[in-house]
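These are the structures in question, set out in turn.
Next come two complexes built around chain A: one with chain B, the other with chain C.
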Partner chain A sequence: MAKDDNSVRIFQGLLVLGNVVIGMCGIALTAECIFFVSDPHGLYPLLEAAENDDIYAAAWIGVFVGFALFSLSVLGIIGVIKSNKTLLLVYIILMLIIYAFEMASCITAATHRDFLTPNPFLKQMLERYQKLEADNNNDKRMSEEVTKTWNNLMLQNQCCGVHGPSDWQKYASAFRSMYSDADYPWPHQCCVMDARGSPVNLDGCKLGVPGYYNSNGCYDAISGPMNRQAWGVAWFGFAILCWTFWVLLGTMFYWSRIEY
Partner chain B sequence: MRGNWVVLAFCSLGQLYADQSLKPQIAASQLATNNPSLTTVALEKPFCMFDSSLSPNKSYTIYLYAMMESAIAISSLVTDNRSKPLNSTFQQTNGGQLGPYRAALFNVPNCASPPNLADVGDINKVSDVLKQYLFRVGDDGTRLYDPNFLGVCNPPLAPDSMYRFKYMLVDNADSIMKDQTLWSDPIKTRRVKLPTKIDTWPGRRSGSMIVITSILSAFVFLLLSGFLACVSSAVKGLEDSSEATRHMSQTIQQSEPRLQVSSE
Partner chain C sequence: MLPLLLLLVTAPGAPGLTSIDYVPTLTNRTLGGRTTASTFVLEQPRCVFGDAQRGAQIWLVVALAAAADRFDASAAPGTPQLAFQTFPNNTAYATLGTALANYPCPPRPGDITVLRVGSETACRDDPERPSCNGPLPGPGPYRVKFVAWNQSGPQAETQWSEPITLKIGRAPCCRRLPAQRRDWSLLQLWPGLQPSPCARQSRGTAARRDCTHSCTEQSHGVIARGGCTRDCTAGSHGRLHVRLHGMIARAGSVLPGWGSPSGPGPPSFPPVSPPAQQADNLPVMAGGRSTGMIVLTSLLSILFAILLACLVALLATWSSDSCGSGVIFSKPDAVTVKRYNTHHVYDQPAARL
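What follows is the complex of A and B.
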């Protein structure tokens, strides 16, 4: 009998430990997803205009799932220590629901990351940057946001276009129809700026003299943060779910062995 | 020995006609990387091309003529029959389609001290170096629409078109052509592609997405089946125990009257 008691205690201890880890991971997931949702790099308008912002939806789900995991882990610890069948049944059912939500978040983040290649950003930049005429207010707002985002991107990262300044020369664009090639072969934000925010030498920039224009593309500055967000949400969530799977199986087994 | 003299003679003959075989060149591509662009072409100024025709006490001006490649069939003359340079403008020649137009006038570049191209690294000197070294045809987008402007118009060129250029040395005193280069090789301006033609399909799915989806689906299936197994075993357990309690209560009821009988 003592041996039985011991093994039950050990199993209880394992389940409590499992729930403690789930609780801590839940808090970490909430914190991570709040960070991503706050959009520190200001890239959300690009995705919103492309109607491809599901990695942000995945991060939003992650905020709530993380907090729910923490609350449920507390419930689970109480249920295991008290060996209360009702509490544990509630815990298992709610955990299954949260499991499904988190699974949705992981799969969404991983799937929609695949759509973020250079070409959609290039096409959007050419069609929306500095576009003045709009179909409706929403369209106009999105074009303005895209223009603002690109200007910030190009100035802060000292880059130009998606692949490079040649994007503006190779393709027709809303920008090209507004500004002549003679004065603006590419936007002036592509020029090397002095301390006051004006081009060091405008003629050098227009001719493409090395050192007076930024010849590298902005794609790395866009894809870096977005990849980190997508992989952070998808893989951390996956790790939590792998751990939770075993804890849930253990809890179900424990629940089925509790005698009234 | 005689061969050497022949070669020397040819060389000097060649020198006499050097300016006749020279053509306007496009600016160095390491310096001007965006060249030719959609509507502009940057040309090297004619350094040392006209030196044999310059007299020391006279002043000269260089004229730059531009025309479309297709205009060769119509007219490629840049002077009239009295060697006076043509005053054709961009508008008159329909942008160079009907013949050459005069795109610019500038001073003869200094052959003795040409600009040092390495100086473009210095932000104080770069404007001067660029101005002395090259000329950008098509630079001026606004003059075409300015009715008050009386100078030489240098409007943007047409995209995706071949152009040829020629330099002419003109004596300021009598405005007569002194010398001219050949027409340059055809230079083509860039053309644009439409952004709607850009293919945004990402191609195949990444491996990570497949791993995450497949493993999580398997886990969810196992969890649900485990949950169903638990619940069904609990329900069965309840049924069994309720049958057992019915049995037990029946046996107790049966044994109680027997006890009562035996006690009586």
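What follows is the complex of A and C.
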């Protein structure tokens, strides 16, 4: 009957459209997650040293899930057009597996976003920045990475410490045990630098004269990119999954109505 | 000279020593390093000493607040009694000696009139430099005064300042640390050196983000992935302790003299700020779960559950293999049925297939 024929075609068209959107979103998810994994802001060592780098694990999962979504959407389109029960069953089952992975990625990213408060970073900075002695090679490497990351952070963002230079005064730290307070009330990376990378006025910096040292904290420079990453992975993944939910339901319905 | 000195020794506050009604203060300027753990910044004594002291040298005398009363101005600066290196075993030390001409009155506009006390680290252990402006050995409290000396002895002195207490760095990790003044002879504190005032923390769920209990002596890395346990184990206690003392000694002699020369160069800081020795420490546990995370998790779980249920239902009906139920979606080729209209049914509505 023409009416059924039309409705069949419309339904197929909808499913194909749904799968096309899933495919494109999968590519976008892969691209977004590759961007995050490449760590453009150089903040990964901080999370790695805190052993809390699950945001990056979520992004890695996102890379593969995105690609799998693209592949499966192609499979789905073929299955819907051919109305092949086997293909569609494979499609449904694989999609559910990918769905579960993407769910894990989203929840991980959202959960570990809650870790991003100033105190863990402050504690890590105080314990590892410029720490020379180490228990083992791994510890040494992490301390070096943290030191390098903080130096870059403070120089590039013109900031100092997590809350400000007072962090180095208020708390005992590895830095304080290495460098005397009189010469280094805070690291020299907190000083305003000239074009050649040396402090404009070292005495002014040590005294804390406004204009010769950076009195703002680096926490915004850390939490901004990390928040964007966590929320980007979590909510974009969530949106894809919502859409995929409907496409899968439709596909299951379609599958149940196919006659061999 | 000798009778004069004897006179001064036997009669403190003798007529030869003018008392100036000026109280030295920390600088009024907002400076990040107004007080640190071993330095502080004073306001320069501009327009304090008069012409009577024109030929004299103005020195800064620093003493522990408790010992300030025992200070005797008859001892000349540059002698072992007022040497920095033996402070605080001797009552006070004198430093930053300079001519009155270096404190012009009124101050030139744009001048930063401060004195940084504690800026020279190179001469800290050098007995040849008794007037070293070395870093203060502890949080204090200290009192300071300016004294004008010339060849015949002390000419004038200001009042003692208010007590100046320096900052103390506290360990970042222990929670609910009771307020406790540490031994200030160990200038640099390191979390591993923390004496056991850190209360034993409950392990709780041992979330790896929870570093609060990692710095007690008792915690030895039971936490699966606690990144901060390693630094605070009791095993490293003694080792760090010894190394730290060595480092302090080394730092004093090796570090180049960053500080400005003793003179009215760097700005001075205003009076003491309270020491940072509150009990509160950094709570590192993550706060409560955010709303967004809860919403996301619950919605995704519901959706996934629905999908799984549908799949199970689908497979169940498939295995029961019912055929002919419902409309059949077949291949796009529509099945056409031909109806044969006889001439009897012209006025019937057109057949809809």
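Following the convention adopted for this analysis, the second predicted complex is superposed on the first by the 260 of 260 C-alpha atoms of A that agree within 3 Å, B and C clash if a C-alpha of one lies under 4 Å from a C-alpha of the other, contacts with A are read in each partner's own complex, and residues count from 1 in each chain.
We take it that contacts are C-beta pairs under 8 Å (C-beta built on N, C-alpha and C of every residue); 3 or more make two chains touch, one makes a residue touch a chain.
The structure displayed is predicted, hence computed values, not measured ones.
> In the superposed model built on chain A, check whether chain B and chain C fit or clash.
Here chain B and chain C cannot both sit on chain A without a clash.
> One more residue to check, A:147. First (chain B), second (chain C), both or neither?
In the superposition, A:147 contacts neither chain B nor chain C.
> In the superposed arrangement, which partner chain does A:206 touch: chain B (first), chain C (second), both, or neither?
both
> For A:245, select first, second, both or neither according to whether it touches chain B, chain C, the two together, or no partner.
Touch partners of A:245: chain B and chain C.
> Would you check which partner chain A:229 touches, where first means chain B only, second means chain C only, and both and neither mean what they say?
Neither partner.
> Quick check for you: in the superposed arrangement, does A:135 touch first (chain B), second (chain C), both or neither?
Second partner only, chain C.
> Kindly classify A:185 by the partners it touches after superposition: chain B alone (first), chain C alone (second), both, or neither?
both
> Considering only the touch criterion stated at the top, classify A:49 as touching first (chain B), second (chain C), both, or neither.
The second partner, chain C, only.
> Quick check on the output: what are the common chain A residues between the chain B footprint and the chain C footprint?
Residues 92, 96, 99-100, 103, 106-107, 110-111, 113-115, 117, 119-120, 122-123, 126-127, 165, 169-173, 176, 180-183, 185, 203, 206-210, 215, 231, 234-235, 238, 241-242, 245, 248-249, 252, 255-256, which sit in both footprints.
> Within their complex, state which residues of chain C touch chain A.
29-34, 36-39, 41, 112, 114, 116, 118-121, 134-135, 167, 169-173, 187-191, 208-209, 211, 225-228, 230-231, 236, 243-244, 247, 251-252, 255, 258-260, 265-267, 276, 282-284, 286-290, 292-293, 296-297, 299-301, 303-304, 306-308, 310-311, 314, 317-318, 323, 326-332, 334-335, 352-353
> Give the list of chain A residues in touch with chain B in this complex.
My answer: residues 92, 96, 99-100, 103, 106-107, 110-111, 113-117, 119-120, 122-123, 126-127, 165, 169-173, 176, 180-183, 185, 200-201, 203-204, 206-212, 215, 231, 234-235, 238, 241-242, 245, 248-249, 252-253, 255-256.
> Hey, which residues of chain A end up touching chain C in the complex?
Contact set of chain A toward chain C: 1-5, 8-9, 11, 49-52, 83, 92-93, 96, 99-100, 103, 106-107, 110-111, 113-115, 117, 119-120, 122-124, 126-127, 133, 135, 139, 165-166, 169-174, 176-183, 185-186, 202-203, 206-210, 213, 215, 231, 234-235, 238, 241-242, 245, 248-249, 252, 254-259.
> Once bound in the complex, which stretches of chain B touch chain A?
The contact residues of chain B facing chain A are 27, 30-35, 37-40, 42, 120-121, 123, 126-127, 130, 134, 136, 138-141, 156, 159, 190, 192-196, 198-200, 202-203, 205-206, 208-209, 212-213, 215-217, 219-220, 222-224, 226-227, 230, 233-234.
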